Each structure stands twice: as C-alpha cells, then as structure tokens.
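Each remark here refers to the structure printed beneath this line.
The letters A, B, C and D name the chains in turn, as written, and every chain counts its residues from 1.
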Amino acid sequence: MTLVLRETHPETTVVRVAEVPIGGPALAIMAGPCAVESEEQVVATARAVKAAGANILRGGAFKPRTSPYAFEGLREEGLRLLAIARAETGLPIVTELLDPRHIDIVGAVADIFQIGSRNMQNFTLLDEVGRARKPVLLKRGMSATLEELLLAAERVAAHGNSEIALCERGIRTFETATRNTLDLNAVPYLKRRSHLPVIVDPSHGTGHWWMVPHLARAAVAAGCDGLLIEVHIDPAHAMSDGFQSLTPESFSRMMTDVRAIAAAVGRQA
Amino acid sequence: MTLVLRETHPETTVVRVAEVPIGGPALAIMAGPCAVESEEQVVATARAVKAAGANILRGGAFKPRTSPYAFEGLREEGLRLLAIARAETGLPIVTELLDPRHIDIVGAVADIFQIGSRNMQNFTLLDEVGRARKPVLLKRGMSATLEELLLAAERVAAHGNSEIALCERGIRTFETATRNTLDLNAVPYLKRRSHLPVIVDPSHGTGHWWMVPHLARAAVAAGCDGLLIEVHIDPAHAMSDGFQSLTPESFSRMMTDVRAIAAAVGRQA
Amino acid sequence: MTLVLRETHPETTVVRVAEVPIGGPALAIMAGPCAVESEEQVVATARAVKAAGANILRGGAFKPRTSPYAFEGLREEGLRLLAIARAETGLPIVTELLDPRHIDIVGAVADIFQIGSRNMQNFTLLDEVGRARKPVLLKRGMSATLEELLLAAERVAAHGNSEIALCERGIRTFETATRNTLDLNAVPYLKRRSHLPVIVDPSHGTGHWWMVPHLARAAVAAGCDGLLIEVHIDPAHAMSDGFQSLTPESFSRMMTDVRAIAAAVGRQA
Amino acid sequence: MTLVLRETHPETTVVRVAEVPIGGPALAIMAGPCAVESEEQVVATARAVKAAGANILRGGAFKPRTSPYAFEGLREEGLRLLAIARAETGLPIVTELLDPRHIDIVGAVADIFQIGSRNMQNFTLLDEVGRARKPVLLKRGMSATLEELLLAAERVAAHGNSEIALCERGIRTFETATRNTLDLNAVPYLKRRSHLPVIVDPSHGTGHWWMVPHLARAAVAAGCDGLLIEVHIDPAHAMSDGFQSLTPESFSRMMTDVRAIAAAVGRQA
C-alpha cells in the first residue's frame, strides 16, 4: 500500500465534486433522502437541505436491500429525478453504484459515485470505478478494519483514480441499542495515515434520527471533512430508513450546531 | 422470507452437483487448492483428494484479494485447468463467481458456483445466479447474521434457483488467535430453520492448517452435510492461504477421522 | 506466561476432583441445574444425571445476575443442599465462587471452584483461588481472548494452584440468533498451547436447549476433555436458564450420542 | 429497572465529588496518571493538570493487570500519595476499588470510587459500593451493552447509592488499529434513557495519546458531562499505559480546544 498513504503524499487531497471541494477548509455536507421516491420528494428535499447549508445532494436510485422483497429503488427513473433536482438547485449528486454494468448509466448522473458498505470488497466494482474519471465516496464495510478500508481505496487508486473520499458509517458490534457503532476513532486514524478526505455518516452510524445531530457535531469536532446525512420531508412515510432520517427542520437546527463546532475547530460549514 | 424455510418445505433439499448429492446421507467433501496455480498442481491435488475420499474439487480461478497487489488467480486459464482436472478425475468443480459479467465463462466450467463471503450481499450477483440453472454454494459473510445469510439465499431462490448449499466459514470477532471464529452453532440453527444443506469450511474458519482436522470432525459431529477444505500439494509454496492448507497426507488422515465421526452420527464419508 | 504453557510442561495435566480425573482418557461430564432451587430438585437431578453418565454435579448457590432484581440463588442454603446431593449420589460438586470473602463457606462444599465468565478478570478473586488447595474451573470471559484466558490461568498458577481446568462457554459477537457464539476453535488452540484440560459449556455457548446436544457432540469431536451441561427436572419452571436446560431424558439421549463420538476419537464417556 | 431511568427521574442528577459537580453546566475534567508511581510524579502531575483546567485528580493505587507479572500499583502507599496530592492541590480524588475488602482503606482517600471495566459485573463489589455513602464512577465493561451498564448502575442504586456517574471507555470490537472502539453513540443514548451524568474516557477508548484530543473534543460535542484523561509527566517512562498518556503540555493544549467546543455546545470547561 502506497498511493493512499500520507507518507507518500503529505498534503491532504482535495476531491472536487463539480465545484464543491471535499478536504478543504469548508466541510462537505451531503444530505438528502435514503431513496429517491418521487420528483416532488427529491426536489423539495434538495431545496430544503440546500437552504440549510448542504452542498451535495445524496439520494439512492439503485438500492441494496437485505430482503429480496424490499423496495429496491426507482433505478433509471430515480437517476432522472436526481438530475432534475440538480438542475433545480445546482447541488451536485452522490448516488450509489451497485453493479459494474451500471457504470455508464449511473455515471451519466452521479457527480461522485458512492460505493456502499456491502461492496467495499466487491473488487471488480472497485476496479471499475478505479478506471472511471469521476470521484468516489468509499464507505467502510460493516466489519472492515481501517486497514482494509485503506486497501480498498488503494485498489481504486491503483487503477488510476485518486479522487477518493473515505466514509466512516458505523461498524457491526455486539451492541444492539444502536443500528451500528459509529467509530469516530477512525477520523484521526485515517487522517493521520492517509491524505484522503474523511466523511462521516451518523445516520447509518446510529440508526436513530434523534442521535444524528449529536454524532454529527462529534464527527466535526473529531476533525472530519464532511458529513453524509439522511433527510426526508416526511420520515414517517419514507420508503426506507425513515427512523434514521431527519426532517428538513431538524437538519437545519443540526446545521446551526455543526457550524458552531466547525468554527471551534477552524473549519467552515 | 418463505422459500428457504423448513416450515414451507419440510424435507431437506438435496442439491445435485453433477452426480454428487449434497444433503443426503453421504457427506459432500469439497477439497482442493485455494488457487489454481498450474496444471500439474491442480491435477495432482485433484487425484490426491479423490483418493482420500473427496467427491468435489474446489479451486479458485478468479480470486478476491484484499490487497490490489496480491495474486488474483489465473482467471480463464485457471478455469481451463480446472476442466482438465475434472476430465482426469471425474470430480465436479466448485469455483468462485466474482462478477455478474463472468457468469457465462465461469458457468462453462463450474458445476456449482461459489459466492464468496465478501459477496454474500452483492445483490446483483445473487440475482444473476438466481437466474442461472446451476447450483450455488453461498458462503456466509464475515459479519453476516444467520438471518442475513438466509435472506441472501432467499434472494437467489426468489429469482428461480433453489439449488443452494449454505456455507459457514467463520465470522469476524475480537479474537486474534485465529483468522476467524468458526460458528458451529450455525449448523443446527440453519438445519432447523431451513431445508437447505449446510457445508462447513474449517480452513477459513480457523486459518491454521493444524486446527482444520479438529474442526472438520466437530462440524460433522454437529450435523453438517459436507466440508470445504483447502488442500495443497506443497503448502509452503502456495500462492495463497498456504498456512491454512492441508497436505494430501494430512487430508487423508483427516478423512479417516471424519469417517469415524460420520459413522457415529449416522452419515457416510 | 510460563506455568500454564505446554512448552514448559509437555504432559497434559490431569486435574482430580475428588476421585474424578479431568484430562485423562475419560471425559468429565459436569451436569446439573443452573441454580439449586430445592432439595427435591437438586437430588432428583443429581440422581438422573448420574444415571445418564455424569460424574460431577454442577449447581449454583451464589448466582451472578445482570439485573439486581433477579433471583440470586439460595446461597448458604444452596450449598447445604448440594452437600446433601453429594451424600446421596457420590457425585463431587462444582459451584461458583463469586466473592473472595466466600472462599471458606463455598470451599467447605465445592470439590472444584467455578470462576464465572464475569469474573475471569476479577484479579483479587483469582489470587484467592490461587492460594486455595482445591481445583478451579476457570470460565472464559464473554469477550476475553484466548491469550487473556491463559493469562488468567497463569495468575492462579502463579499463586500456587495449578489444578485448573479451562472452560470455553461462548463469546459475545454480533450474532443474535444464539445467546453466545461457542468458539470451538478454542479447543485445539488451548490444548496445543497449554497443558491444562479444556471443558466446553454448550448450554451457555448456544442458549437454546435443542442446540446443546449438537454442540456437545462437536466439542467432544474437537478434542475437549469434558462438558458442562445445564439439566433441570422441569425446565419450563426453572428459576433461571430454563430455555437452555435439558430434561434428564434429553440429557440421557445426548450422552448416548456423546459416547459414540467419544469412542470415535479414542475417549470414553 | 427504574431507579436510573429518566422516565422515573426527569431531571439530570448532579453528582458531587467534594465540591465538584458532575452533571451541571461545567464539565468534570478528571486527569492524572494511570498509576501512582511516586510522590514527585503524582504531585507534579496534579499541579500540572489543575493548572490546565482539570478539577478532579485520577490515579491508580490498586491496578488490575491482565498479566500476573505486571506492576499492580503501590497499593496503600499509592493511596497515601494521592492524599498528599489532594492536600497540595485541593483536587478531589478518583481511584479504583478492586475488591470489596478494600472499601474502607480506599474509601478513606477516594472522593469518588472508580469501578473498572473488568468489574462492571462484579456484583458483590457493586452491592458494596451501593451501600457506601460516596459517589461511584462506573465504567462500562469491554463487551457490555448499554442496557447492561444501566443494569449495573441500577444495582448500585438499588442498594441505596444514587450518586453514580456512568463512563464510556471504549468497547471491544474486531478493529485492531485502536486499543478499543470508543462508542460515542453511548453519550446521547445514555443521556436520553437515564438521568445519570456521563463521562468519556478517550485514553482507553483509543489507546493512542495522539488520538485523545480529537476524541475528547468529539465527546464534549456529543454532549458528555466530563472527561477522564491519562496524563503523565514522562509518558515514555510510565509504568503503565504510557502510549496513551498525554504530557502536561499536550493536555493543556487539549483543554484549550475542549473549552472552545464546550462553549459551542453551551457548556463550560
């Protein structure tokens, strides 16, 4: 492993998603619904999160689901709606790539590819985004060590693409009170070992919407470069992950608090 | 979840790999090298494991590797060598499918597709083998619950393919003395909840060749339907996993012991 | 660490509990109720498990309980009832020592002290049994590595008492289908590194009575020196752990199967 | 469980350690060496941490050690030196109680008893501090769920002592890059379910001194009521835990940052 290590590349990499830098003084705030459900839903959410301070829109079109009978996303239609939301708001798009065969259709809309936790060691998918000319948000696997996360990033880089943001999103432990255990030790560890920027996802990292603002603040205080937050205009009726989604109002309050913490650690949000 | 549950299908499913049944009174013994390295290696190993009592040949052609710089298998050439070994010995082949785009070339040689631990929740790959007309050996993910393993199998079945053998191969825990923690609780649990046969892989489940025979005996005593064992003619020079590979001689001794245990629980090996 | 290692003491230690050897060709079968509840209960259970082949009676008088409002055992009265059961059946007694201040009263009845999982790193308690002249059954902590288990045994030995049997009883993992994950990798690992005998507790290791016989067979096949099994004359009305307790009838059937496995690995039960 | 729950006691409990409140607007900052080694060491450290903003002195006199051959503390002499440091600085003392038989000698010096991780389920020790008239700092066990931590606190409260501060200190997971995984999800979870104050120990939670300031900031941002920090005047020569101890200088810099975060969340430090 060499390409992703700070010892071979001392300056922090700034990944650019359209105009938005990840890794500079300003935090990257990626927010939006777990799944794209309708034009109204995604556009309204995009406008609300932008107003509250988000600078990248997240939204799932192709959804990985544990049960084969669960809603798997609007797929191509979901991508089309994300493009509409971008046109309306100017926010660049992060959305998940599940399958190497989808790289062209997802790549036609995504400004940054998301590689989900379940695919952190899907090596042929990593190889594919490694050959792409577009940034990658690489989420840590549920039981991946930090070393394995860096090796997965190294694989992307070894195929030619160094525009990678790492994402801590909680690991699987014995604890059952929360969906996952958000591992904020990962933030200083990854920042010290690697030059790549680090994003934290407290929505999956906790699994409870009311915990998200606390851990968002903590992540920024620990030194992360950005956040990935699930926001839904009507969490009670969300098609997935409603229990961990913030309303636009609670997201806006969270952003006020995050701004205060960012200022305290010399960052902007 | 319904298709894979015993409550909806009381009799145990017998999966047929060429002529070899998995789930009947006789144990399925899958043995062979981690990776196919040469014709001499794979044919010699195939002959040796057959002589000792194996009835299916395992061997990796496309290898998932944590580091992008590690040996990733001989790929198509590896498949060709596996076909030669089958022609020489009559043993059917289990080999891993990593990417949905490889289903035709791997399917041209494999008698049963292996879905590896890292891909247990690679949903588009599961959907693809669900549409195939060939059995599937589905390995439990490193941190997958038994419920999630059954849901992954349900996904394969929901796409039309019920020829599935489940495989316990060790889970990731805090223990560092062994590569993984082999979870033999999984055997009676899966056998009670599901009608699908259950295979145990003590090679990955322990990570130490000298532990493999003990856990192979234990797995059979617990009631599994077969074993998946790494055997190499020269473990010290294996290109991968040599530390957990048995020599043909130790595999042969292991089989003698496994036969005694199988007899004690009313099975044959 | 030296005293407990096989490299400094190549022969396997045989611990003697009254007349019963642990670590010799015959398996030590410790069976009985989780908690002593009444004279009738403990004597009837003792007779039944002896008839089925047990050679040591287990039973809790002082019970560690997670909730402060749960039944904590009959305490001194429980010890008195265990002594009656021993007088009636001749079975020696294993019972838990929770507190260094109880060493005399528990030691007056116990033939072997049990140190429970929650106390594997209760160092002053270990020091106390290290000074005692009575064997110790040392249970692995819920999240103790095998190295830490050996270090806990080393502590007992360093205080002068080498009559120690190690006990694998399941570790805490992410899996929720079972109470714990029984780690049978521990059996060959501990037997190779240490000269101390190894007992397996599939009752706590699984948490489901119907899984116990499968894992008891597996443990013997893996090479353990004995079993610790919860048996209750009326599990549905047990004051603790009824869900993982065998009836005398199912224990008797289990012993028939265990005997067959023991014979297959050159042991007696 | 009732006594420790917020539903039965809506206001946050403020635990008073001598004059220092834990749970009020000001953070409790407990700092000092892992082990008391000498009068010079403990007094110099106490003065330094007080100057930097600590308001409680931590220091181990009786030390739990995994290996029986490791330094186990100065014991009674250590307590005597802590009393000197208190006399010199006015800082109240938190020190660990390992054994119920030590309650009087440790209680003669401690202003708040520390119950260590390994003893979170040492029930007779919990019962003993439950009967004491002195506050308790209850550290979460290495693999204890948050529910079990609350049940341990309930046990102390049920014996009459409600002066309890809970402490998150990292849990055991599969990750090996850090000593433990600091679970900051615990902070909002415990604060919502219970009225007891919550302390965070980033020294044990990370195991690397250079990570401690990042996680200390994060803990305060997440809403904790105080910190427990290992500080040593000469970490390179510490008798235990030097690798995770801050120097007085780095502790002082950490406190400057912690103060800025505290202000951002409406607290003082």
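Just so it is clear, a residue touches a chain if its C-beta (ideal position, glycine included) is under 8 Å from a C-beta of that chain, and two chains touch if they have at least 3 such contacts.
Please read all numbers here as calculations on a predicted model, not as lab measurements.
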Given subunit A and subunit D, the chains that contact each of them: B, C
Identity of the chain that, by mean CA position, is farthest from subunit C: A
Rounded Å distance between subunit C and subunit D, as computed from the means of their C-alpha atoms: 35
Separation of subunit A from subunit C, taking each centre as the mean of its C-alpha atoms, in whole Å: 48
Contacts with two or more other chains, residues of subunit C listed in rising order: 143, 172-174, 176
Complex contacts: residues of subunit A adjacent to subunit C: 143, 172-174, 176
Residues of subunit B touching subunit C in the complex: 143, 145-147, 171, 173-178, 181-185, 187-189, 192, 205-206, 210-211, 214-215, 217-223, 257, 260-261, 263-265
Parts of subunit C lying in touch with subunit D, wherever the complex brings them together: 1, 64-69, 72, 98-101, 118-119, 121-124, 142-143, 148, 151, 154-155, 158-159, 172
